[in-house]
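Each structure below appears as structure tokens.
Both of the next two complexes hold chain A, though its partner changes from chain B to chain C.
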Partner chain A sequence: MPQQEYKLVGKSIPRVDSKAKVTGEAVFTADLELPRMLVAKILRSPYPHARILNIDVSKAKKLRGVHAVVTGKDTAGEKWGVFRYTRDQQLLCVDKVRYVGDEVAAVAAVDEDTALEALELITVEYEELPAVFDAWSAIAPGAALVHEDKPRNINVEVKIDVGDVDEAFARCHLVREDTFVAEEESYFMTEPYAVVANSHSDGSVEVWMPNASPHTKAKALSNALRIPLSQVNVRKITIGGAFGGRSDVFPAEFITCLLSLKTRRPVKLVYSREENTIATRKGHAMITTHKTGVDKEGRVLARESVAYLDGGAYSSTGPIATSVPFLCHEQAYNVPNVRFTGYRIYTNKPIGGMIRVHGRSFACGIDTQLDMIGKELGIDPVTMHLRNARKAGETTPTGSYVASCGMTECIEKTAAESNFLDKFNNPQPLRGIGMGVNSVQTGFPLGIRGGSQAFVKFHEDGGATVVSGVVDNGQGNDHMLVLIAAEELGLAPDDIRLISADTEVTPTDAGSYSMISTFGGGNAVKRAAEDAKAQIFEVASHMLEADPQDLVAANRKVFVRGAPDVGVSIAKIVRQALLMGRPIMGRGSFAPEVDQRREWITNPRGQLSQAFSFGATVTEVEVDPETGMVKALDVTCAQDCGFALNPMVVEGQFEGSVAFGGHGGMLSEEHRWHGGHCLNPTMLEYKIPVMKDMPRIKPIIVETIDPAGPYGAKEAGMSVAMSAAQAYCNAVGNALGIYFNHFPLTPERILDAIEKRKEGQGIRTAWEFQPARVIKTDDGT
Partner chain B sequence: MRLPQFEYFAPVSLEDALKLKDQMRTSAWILAGGTDLVVNLKHRLLAPAALISIRNIRNLTGIDLTPDTLVIRAGTALAQVASHPAVKEHFPILVKAINSIGAMAIQHFRGTIGGNLCLTPRCLFYNQSLFWRKGKGSCHRTGAKDCLALKGSESCQSICSGDTVPVLLALSASVRLVGLGGSRVVPLTEFFSGLGESPYHILPEEILTEIRIPLPWAPISWSYQRLGMRSAVDFPLVNAAAVAVLDKGKVEHLRLVISAVGPAPVILREAEKEIKGAQPEPRMADRAAEIALRAAGGVVVENAIQSRDYRVKMAGVMARRAVKEALRL
Partner chain C sequence: MRKQLLSLTVNGDPVELAVPPNYTLQEALRNDLGLKGVKEGCSEGVCGACTVLMNGAPVRACLTLALEAEGADIVTIEGLSKEGWLHPIQEAFVNLGAVQCGFCTPGMIMASKALLDRIPNPTDDDIEAALTGNFCRCTGYAKMRVAVRTAARELQEKAQD
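And now, the complex of A and B:
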């Protein structure tokens, strides 16, 4: 169907969930109240690394109002890990604690004060152990081991080697190697983590919590609690943001369920802001060394990258987190010969997980280095990016075919709109302009949970209920599903009811991480709606005496194409269908065409994702050279999102991406540490940007109509988040004539770089860091 | 986060409040807007037996203009101070300082000027949850005899963070402290102890009732400089205030103060002396910067989210900018 015929998709309309959110009517986990509900609190390790010698809970148990106290002894000893080979996290510590915040014991009591008092009554004897707090000291021979069975504290090693890198370097006109360092960042989603669990006499348990995949949570809980999957029902609840930080399974839900099963009462656990920061997930600190070789025209012929990710105490999504920075890069740029070695390293710090900007040091390193090479060759950044940009019809080094790609258009449009070359070639003092480009996936091979299914059922009044496993954690997935169903069925969004993200009722879905919700879940709902529509047309064809092929559904009616005035209402058709004993029940499913043999470590090749989004961002800044403070003036961002189902929502995602990836991510957001203690776990000292400081943002939507996406849609916003980080970095560098290699660019770092800058120093990074190298372990591997 | 248990009093007269304070001394804390106190209570930094709210005490709010002094009662809301015609007319520098405090919600609904002056000094090792501090150990502020930020330090170097502090000091303000036994007026220059663990010279039975700012005898030229990572929410990373009287091409009067460096604001007397009586020239700003840098270097310790090094440098920059603007250089 040509685009202009769409009634709803492609138009800017308010989200279906906006009213409930602005009026405060939306119910979040912490708002839930159930009869006889108890309050849970967790006792956490005050030490970064210690052996647990003894835990005495007797006093706590005796406190009036305490209903249960649990420790590692009450667990079946199951360990959590995203992969079979990364199961390293006890859900309540048994033998050791590995970071400040590790879960040691938990209580359920009649109210919060009693629960807190009970925690005070638990005595734990620890034997403190030497600890490691950064990648370099963790891999040093003889360093304390976070997990005894992991020599040199190496958690994950990802190796990719495509083409003939060494031969290609030998042919290069110019080769340079630089090292880039980034500190940890956090999500600071509006809603701190919370869980409510309600066990029933039949042995089942209902659970509510912010999540990115109810089905994954249910499976993990079923394993850890050793109860059948059919007895774990993860329910739908409004979720206040995720940004990658809800993708994993945490001890919190396990502990809450355990307490509820023990007490046979509903139990609620609400995290403080500090707990949300230290005891869910955070970004990885990362050291990346890029060696890049180009021909005379600046085309990259070879690249070798080695990265160390400071993973914290446990694996979490380790293999994915270690790979994705590289994968985004191999999608964004055409690099024929490429070698990547990524290590995720255990340290005694909170656990690293997925975050919106995958690897600040990796991504910003690539684009900073391209700018440096461009400078050496006398080629401007726009040309450098265009010459190396990915194009449709190509295949990435690790074997993903790229069906649609608007990268060139994104670069050209942002450059033109921002007047890039003019500003770049006529610099004004302390003003800078920079460009970044990137790409993200829409989904990964996830085995049996990689696809999505949906149902559509009709009501007598012509309205419909859509059933889908897709979860909305703030980005607008509910709206997306309703919009697609309404478009297909010729209904208004108000006519659609949505049941989603409830494991008892809704079919499986890939989860709202990896940017697949629209591509996977949206397609499944579209197909279910198409199926229902075909059934409607079948019934209507008799009523209208027309061929089903000639029918159209719009404005709650079905009519013959070209004759909208003589239609019959969908309500009437639905009732007719019921009379005929052929109720309208649509079903649909979608499984992306990916290579299920692909594996993060053992087999990193094959189709990773069926579609990829591409984006470019240009940022303009002004720097105060005395204070190092940066004022962002204008940001122009473009992304190929395939097709904008709702431009208003897409633009909102772009703006959020600029704030998260660029403005906060590159100028101020980082954790600081003192030993294993996070110095800024709360919103006062962790500097997420405030509205007042945001620049003017010009969003540009680029549409390539992906052949497999619903209406051509892929993913909205993530390529902007990543490219914005790179653009901010290059803009600040451009303002000062400095190539930054330590992120984020806080005022103190900027000032330090200004002071260290020497005239005639050649083209070099602001700081010299020890390069990340392939690690040779004792056994010679 | 939960509040600890405490008794709560909300007397309607100053007399009653003073009686309570007299009985309970340090075990009772004054609650004004609570925007500082309540956060500290939640972090279990304080364990008062009682809070005495001054919200219901009528004559602790309001602003009076006498022939030579502007009197701001301690419980007056920040926004009320900033929008008062006499404040706007005589002390726009105070308006600027108030407008930079936290966010609109703090200025409009809760925060008071007395609370701003009596803010509990801040430290990255102190303004943390009970859980956080348990793992780190205690310091001068929390019952031990050492400092976590500077091992071996004799006293606490936590940070005096109020935005109005350097401004009121530069305006030569004084405060009225009232106890059951009587009242006294103390110049702000003598109000700060320089010890983070007991930052103010205020007796356990006293309440701060007024801030008194003398009206300028001649038109004043002023500057308030403050650096924050973000243009809202953040406490000042360093701030500086300069108030000058320029007459016949000369600097008749100058008061130059930097703050948010240590437990007390620092008056840069050496710079004032050099500048007073002379004609304004650009080198004065650089001298002020040098002096500020040296002064800050002596008090700043590694206890804020920004490094010591950066804070010291910024003290110089803020002082330079304050002098430049106030002397119209």
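And now, the complex of A and C:
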């Protein structure tokens, strides 16, 4: 159908969930109140690494108002891991604690004060062990082992080698090697983590919590609690942001369920802001060494990258987290010969997860180095990016066919809109302009089989209810599903009810991590609505004496194309269908066409994701050399989102991405540590951007109409989040004539780099870091 | 801890509560009165999610002791819409896409209300000064600025009618 015929998609209309959110009606997990509900609190390790010798809970159990106390003994040492081969996290520690904050015991009591008092009555005897706090010391021979069965603390090793890298380097005109370092950042989603569990006498348990995949949570809980999957019912709840930090399974939900099962009462656990930072997930610190070789025109012929990710105490999404920085890069750039070795290293720190600008050192390193190469060759950044940009119809080095790609358009439009070349070629003192480009997946498989499914049922008044497993973390997935169903069925968004993200009722869905929801869940709902529409047309064809193929659904009516005045209402058709004993019930399913044999470590080749988004961002800044403060002036961001289902929502995603990925991600956000203790776990010390910080943002939507996306849509915002970090980085560098290689660019680092800047030393990074190299283990492997 | 009596007005209704002296206004509003639109984001007065109006001024409910509100007039997000009709600030947040996950929204709207009550025609600097104490992680604040400006115009037009 030509775009202009769409009634709803492609237009900016208010989100269906926003009214409940502006009135305070929207219920988040911590808002839930159930009769006889108890309050849970968790006792955490005060040590980064220690053996648990004994836990005495007898005094805590005797405290008036305490209903249950649990420790690792109540769990049979059950371990969680995203993959079978990464199951390394006990849901309550049994033998060892591995970071400050590791879960040791938990209580359920009548109120918060009693629960906290009970925690103080639990005595744990620890034997402190030597600990490791960064990748370099963790991989040193003889270093303390976080997990005894993992030599050199190597948690994950990803090896990719495509083309003939060594041969290609040999014929390069110019080869550079530089090392880039980034510290850990955090999500700071506004809603702290919380869980409510309610066990029932039939053996089932209901669970509410912020999540990025209710079905993944249910599966993990079913395994850990040894309750049939059909009896673990993860319920729908409003979710206050995720940004990658809600994708995984945490001990919190397991512990809350365990306490509810033990007490036969509802139990609520609400994390403090500090717990949300320490005991959910945080970003990875990362060291990346890029060696890049180009021809005379600046085309990259070969690249070798080695990356160390500081993973913290447990695997989490380790194999994915280790691979994705490279994969985004191989999607964004055409690099024929490429070798990547990525290590995720265990340390005695909180657990690393995927975050909005996952892999800052990798991505910013690529674009900084490209700017450096451009400088050496006398080629501007726009030309450098255009010459190396991915194009539609190409295949990535690891074998993903790129069906749609607007990278070139994103680069050209942001460059034109920001007047990039003019500003770059006529620099003003202390002002800088920088460009970044990136690409992300629209989903990859993660343990949930069969993609996404959806149902559509009708009410006798012609309204419909859509049933989908897709979860909304705040990005607007609920709205997206309703919009698609309404468009297909010729209804208004108000006519559609949505039941979603409830594992008892809704069919499976992969989850909203990895930007799959529109592409996967959106397509499933579209197919379910199409199925329902076909049934409606079948019934209507008798009523209108017309061929179903000639029928159109719009404005709550079905009519013959070109004759909208003589239609029949959908309500009437629905009732007619009931009389005929053929109730309208739509079913739809969508599984992206990906190579199921692809595996993160053992087989990193084949189609990774069916579609990819592409983005470019240009940032303009002014730097104060006295204070090291950066003022962002203007940001121009463009992303090929396939098709903007709701431009207002897409723009909102772009703007949020600039704030999170670019502004906070590159200028201020990092954790500081002392002996495994996080020094800035709260919003007071950890600096996220506030309204006053934010520059003018010009969002540019680029549409390439992906052949498989719903109406051509892919994903909205992530390529901006990533490329914004790179753009900020290059803009600050451009303002000062410094190539930064330690992120984020805090005032301290900027002042240090200014001080260390030496003229006439050629094109070099601000700091010299020890390069990341392939690790040779003792057995020679 | 021994409870003390507290009398105040919440969203126009007189309320009497018995609260421990260490109880925060946030606890009183959320736990005793069920006003869950008062969000708890940081518990240390930084994020602004718990912003309510106390005698017309924006306060952090998490840092305000309940007993400090003795005799005060408190307005929470639940008190803003009347009989199902959204306040122009709420309307603007909905229509202009200023709402994403929604957790910061109640506090952001209450801070905006306090601003527009004080300065009906705010400059961009006024808006930034009033809302910079409210954290949002989703929107980048761009659509919120537009929403507040739009609501200000709307309210002024209404006042002239």
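Just so it is clear, the second predicted complex is superposed on the first by the 777 of 781 C-alpha atoms of A that agree within 3 Å, B and C clash if a C-alpha of one lies under 4 Å from a C-alpha of the other, contacts with A are read in each partner's own complex, and residues count from 1 in each chain.
FYI, a contact is a pair of C-beta atoms (placed from the backbone, for glycine too) under 8 Å apart; a residue touches a chain by one contact, two chains touch by 3 or more.
Because the structure is predicted, anything quoted here is derived from the model rather than measured.
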Three-chain arrangement built on chain A, chain B and chain C clash or fit: fit
First, second, both or neither for A:272, with chain B first and chain C second: both
Chain A: partner with more touched residues, chain B or chain C: C
Which superposed partner A:476 touches (first chain B, second chain C, both, neither): second
Partner chain(s) touched by A:684 [first = chain B, second = chain C, both, neither]: both
Chain A as apex of chain B and chain C, Cα-centre angle in degrees (nearest 10): 40
First, second, both or neither for A:18, with chain B first and chain C second: second
First (chain B), second (chain C), both or neither touched by A:31: second
Partner chain in contact with A:694 - chain B first, chain C second, else both or neither: second
First, second, both or neither for A:350, with chain B first and chain C second: neither
First, second, both or neither for A:649, with chain B first and chain C second: second
First, second, both or neither for A:751, with chain B first and chain C second: first
Least C-alpha distance (whole Å) that remains between chain C and chain B when both complexes are overlaid: 5
Chain A residues contacted in one complex by chain B, in the other by chain C: 272, 684, 689-690, 692
List of chain B residues in touch with chain A within their complex: 1-2, 124-125, 127-129, 131-132, 134-136, 227, 229-235, 305-307, 309-310, 313-314, 317
Residue ranges of chain A touching chain B (in the complex, touch as defined): 44-47, 100, 112-113, 116, 272, 274, 626-629, 668, 672, 674, 677, 679-681, 684-685, 687, 689-690, 692-693, 746-748, 751
Complex contacts: residues of chain C adjacent to chain A: 30, 34-44, 46-47, 49, 76-78, 80-81, 86, 90, 93-97, 99-106, 109, 127-129, 131-145
Touching residues (chain side chain A, partner chain C) in the complex: 12, 14-15, 17-28, 30-31, 33, 187-192, 238-241, 243, 270, 272-273, 473-476, 648-649, 651-652, 655-660, 663, 682-684, 688-692, 694, 697
